[in-house]
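Next, two complexes with chain A in common: one pairs it with chain B, the other with chain C.
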Partner chain A sequence: MKGRPNLYTDYRKEIAILNTTTQKFWALIGLTLLIISSFFFSQYWMYLITTALLTAVAAWGLNIVSGFAGQISLAHGAFVGIGTYVSAVLGGVGSSYIRGYELDMLIWLPLAGIVPAIIGLIISPLAVRLKGLNLGLVTLGLVFIASYIFSNWNSVTGGSGIGRKTAKLKIFGIDFNDGFYAGSYHIEKDQFIFFLSLILFIFAGIGVKNLMRSKIGRAYAAIRDRDIAAEAIGINLYRFKASAFALSSFYAGVAGSLIFVMSGGVDPTQFNLVYSVTFIAIVIVGGAGTVLGPLFGAAFFSLIPGVIKYFLHFFGTTADQVPLHPTQIERLVFGLLLIGFLIFESRGLWGIWFRLRNYFKAWPFSY
Partner chain B sequence: MTIFLQASFEGLALGAVYSLVAIGLVLIYKAMDVLSFAQPALAVVGAGIISALAVDRGINFWVAFILALIMTGIIGTLSERIFLRPMVGEPVFSVAILTLGLDVLYRTVLDNWIGVNPRYMGDPIYTWGEFGSITIGGVILKFQEIGALITAILAVLFLGYFFKVSKYGLAMRATSFDQETSLAQGINVGRIFGLVWFIAGILAAFAGFFITGGFNLLTQASFVSAFRALPAVVIGGLDSIPGAIVGSIIIGLTQGYVAYYQFPFESFTGINLGNGFSLLAPYLIMFLILIVKPDGLFGTEEVERV
Partner chain C sequence: MSTIVSFKDVSLNFGGVKALNNVSFDIKEGSLHAIIGPNGAGKTSIFNCISGIYKPTSGHVEFKGENIGSLRPDEIANKGVARTFQNIELFENMTVLDNILIGAHRHIDYGSISGILFGPSVREKEIEARKIAEDIIDFLEIEEYRFSYILSLPYGIQKRVELARALAMKPEIILLDEPAAGMNNEETEDIARFILDIHEELKITTVLVDHDMNMVMDIAEDVIVMDFGQKLFDGIPKDAIHDKQVIEAYLGVSTDK
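== the complex of A and B ==
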């Protein structure tokens, strides 16, 4: 069977997570490059890459509910926020007016996922009752309710404009906030967070892939394609829509618990409408309903600030020579990309990659 | 009693402002099955143009106002022509997300122009001073709020007349009924789409003026107020103009009553609802109504073919 990578003699092999040698090869190369690069990149790029990894985890969450199960959620950013604050309260440092219990990371990391998942379950009856645009509008309302609660619950969030510190990294009672020594080599805190995110990212990726190739994933796809038909063939709509919301919120919460740890503090105004729209843009630009898509999208959007900064530096322009602030250029690019991909390539970056791959696979007979 | 009347009046005026945005949303939805998340941002764009012309350029307010209305309408038409026309026939949800992208574009450009300091709107009638007010039986009626009510009523009457009598009104009704059949009858559906966005843009600019006029000022957060037209549309039903008006009034009154009765309620029950709860109440009302009636109060129930 050697040299015939597309011939499968076993169903198990065909639905394997990495089912071709090429995929295995590139996954290995990617991982190695990521790990090696963590020792060479500057702190700024490390920060961007870590953010990209965690954003990909959160975007996978949105992809479960919107890409696989076809239920619109504009409130994904709010769930990321809930995860952030659960972790900050349980693992953060308290003061006279802000709550913080300085617990171990083994406690706050799972809880940061479980609490948003429960909240997702609580609101899921809405999702079952509504569909299409009305569901989108209701989740839009959730964004405003969440940001209202975030900016008013001062003992948890520190209040808008002030914010609070995020969770401390303490595992098995060992404090990692100043880095640690592996042998004689000192691993910085940022590097540590990077490796933590990488492990989380790998597990989350395997989780999504497994979900997609299992019974649950097929049920989600059936609901997305035609909910009435799905119900007719015996899929319990209520159970699967609710579980899709819960799972997506779990991913959002876990990603949210770590995403602000690197910068150290978080302001409640962060979790506004634009933040939620960012995740939608990531899923759409990356490619909805695919596993690789949100990863492309997250890398793309998280690295844009660095690229813009690099170009400004490269052409020797300073920030005040450009009429727009870098963050505003970022948002313009982001809006234009969202529109452009919807109009020209609705399958997103994944679609472009897919067509390129097929072109070269069929070369020289590609047309 | 005075407080009740005051709250009712302010609520009604707010409802009138929301209804201007909401009617535009419903018109667009009926004509082309698109829910435009960009409409609230378009309202604020209209306000921005008024401020830029009347305050920065020093043009007479009324000239600036009319220019701004037309320019906002044109921005609406152009957005439709450039961004939404290629999306005809695509899934409803994709187009809705595209309008979210439009919303981000409008707001980024506008936020950059507004900057940190709030912007003034200029004064329509200078001698009245800062938009003025009259007092009837202890109830303070701001001219701005009276203006909003009158504008909304006139807009509804005009649109009703327009749809009933004019050639283009008839064409619009036909388009919203069935696009392909109206194409077959010789209606230029593309032009109808442009016209709908033009009307929606003008209505949005009116709303933008009433939201940011007087002491409210134009800031980077102004669009949040305009956004509350969305729950209004949802309450009324996405495809019903009477629904949009009723929904807006419900939202406006809720906001008015909560603003005036929150403090007495809090001191009576001891529950602290927090700052600006009145701005949140519309969304809670939306949840309640949607759980009971998923298609809104006046919306036509969606019939699905299996």
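== the complex of A and C ==
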């Protein structure tokens, strides 16, 4: 079989994560580029890319519950918030009016996922009772409850408009907040967070792919497409909707624990309805129900501000010469794209990628 | 032969409509049973009561002597009750193979967290499931459609894939809701052959609902005739066609006597 590397000779190869040499090649190239470029990028771009990676992790979480299992959740941003505050309380610095225990990252990172997962499990019976729009409305209620708690629980969140500092980076008792030396090379704090996020991102991505190729992912899709048929096959709707909510919240929480660490502080008003809706937009623009989709969406959404700034700079204009603020342009562009995707390419960025891939696979033939 | 499914005075009401009215019958293990009757006779309601989608208003539905009237559909399915649907209920956005693998759900044993980690034992179980699926693909002769998406398949093949999905459950009893509906003669013959194979080779108790009288009379060992939620007849097909009540239900009563 040496001459035909793309011929599957057993089932093991067929269900592998990267099951062709082309996929392996491009995954390796992408990863290498990302790592190398981290040594050259400005702090601003490092920040954007790190945010993109962590947003992708959170978006994967929403994709598990909404894209795979088909349960609308408008409360995803609230779970990101819970993760942020679990990590900030456990890993942050305390003072007379704010709680903080300065624990090791090995403690706060898993707990930032587990606590939201448990809360997700507790609210999952709602999803079993309700479907579609009704479920959406109930989760909308959860966002309001969560943002009320975030804004008023001052000893944890610092209160609205004030906020608090995020968790400190301490692993095995070693403090990484001022960077560290790898041999003689000094690795900055931001670079360290980038690598941490990249590792988290890779594990999260493998997890989602695993879920997709396992019986769990198939059960989710069955519930999404035809719940009566799924039940008649022996799929326990209660169990799988609950596990979808728990896993999704776990992803949200873990992403949330790191997403504000680079900027150093977080204001509780951050976790409002718009924040949750943003994740839905990312999943839809990227391509719901696919593994790569949320990654495309997150990269797109997080990098847009940088691209807009770059273009403004390129044309020699400064931000104050343009009638709109860059963030306003960014919102506008993203909103227009969202409408555009829903109308013209319902499979999102993933759909475009899919068509391009198939085009080049068949090249030079047009079909 | 022991009884596998038994209805004891089962009634099913939707408001004032009596979908089933004091229906009792037994289905023996290993038999090939047909349920026939005009539209709205309650045939599909019988299936929905067995698979737990409807709960009987009164009476008992028993599976191997156990009352399953209060169980959820997935609990009943996990006891070994498989079914197909009148209007194909396949997962359209998935491949034939994925549909069949979903059917094998109850034979793949690991939890959500193992799924996300996908360790060696999960891998082996997935490969095992794939082997089950391939056996069924081979049995129903749908090899060429293995990686096709359901939406791209012709109706007759979709029906066969739904049968494959039910077989992947390795059930003890399989309920087929109009397996030959909307098919041409050739496809009907195919499906009849597969039903006989399922019954004889795989030794699965088979219950089918259909309008195609020729097929039913040819392959069924026992037949239950339903009309307006009531059982008219229960016996061998040869007697059914001579039964006065059955003839009345199907052909109407002659007025000029």
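Keep this in mind: the second predicted complex is superposed on the first by the 361 of 367 C-alpha atoms of A that agree within 3 Å, B and C clash if a C-alpha of one lies under 4 Å from a C-alpha of the other, contacts with A are read in each partner's own complex, and residues count from 1 in each chain.
Note that in this section a residue touches a chain if its C-beta (ideal position, glycine included) is under 8 Å from a C-beta of that chain, and two chains touch if they have at least 3 such contacts.
Since the structure is predicted, the reported quantities are computational estimates derived from the model, not experimental observations.
Q: Touching A:Ala229, do we find chain B (first), chain C (second), both, or neither?
A: both
Q: Based on the superposed arrangement, let me know which partner A:Ile171 touches: chain B (first), chain C (second), both, or neither?
A: A:Ile171: touches no partner chain.
Q: Of chain B and chain C, which one touches more residues of chain A?
A: The larger set of chain A residues in touch belongs to B.
Q: For A:Leu356, select first, second, both or neither according to whether it touches chain B, chain C, the two together, or no partner.
A: neither
Q: What is the contact status of A:Phe334 with respect to chain B (first) and chain C (second): first, second, both, or neither?
A: In the superposition, A:Phe334 contacts chain B only.
Q: May I ask you to decide whether A:Leu33 touches chain B, chain C, both, or neither, giving the answer as first, second, both or neither?
A: Touch partners of A:Leu33: none, neither chain B nor chain C.
Q: Which of the two partners, first being chain B and second being chain C, lies in contact with A:Gly132: first, second, both, or neither?
A: Only chain B; A:Gly132 stays clear of chain C.
Q: Just checking: does A:Leu106 make contact with chain B only, chain C only, both, or neither of them? Give me first, second, both or neither.
A: Touch status of A:Leu106: no partner.
Q: Touching A:Ile122, do we find chain B (first), chain C (second), both, or neither?
A: A:Ile122: touches no partner chain.
Q: Using the superposition on chain A as set up above, list the residues of chain A that contact both chain B and chain C.
A: 228-229, 232
Q: If you look only at chain B, which of its residues touch chain A in the complex?
A: Within the complex, chain B touches chain A at residues 35, 83, 86-87, 90, 92-98, 100-102, 104-105, 108-109, 111-112, 224, 227, 230-231, 234, 238, 274-277, 279-280, 283-284, 286-287, 290-291, 294-296, 302, 304, 306.
Q: Which stretch or stretches of chain A touch chain C in the complex?
A: Against chain C, chain A makes touches at 11-12, 15, 207, 210-211, 213-219, 221-222, 225-226, 228-237, 240, 243, 246-247.
Q: Can you list the residues on chain C that touch chain A in the complex?
A: 51, 53, 72-74, 77-78, 82-83, 85, 89-94, 98, 101-103, 105-106, 108, 110, 112, 114-118, 122-123, 126-127, 129-131, 165, 169
Q: Within the complex, which stretch of chain A touches chain B?
A: So the residues of chain A in touch with chain B come to 72, 125-126, 129-130, 132-134, 136-138, 140-141, 144-145, 148, 152, 228-229, 232, 274, 277, 280-281, 284, 323-325, 328, 331-332, 334-336, 338-339, 342-343, 346.
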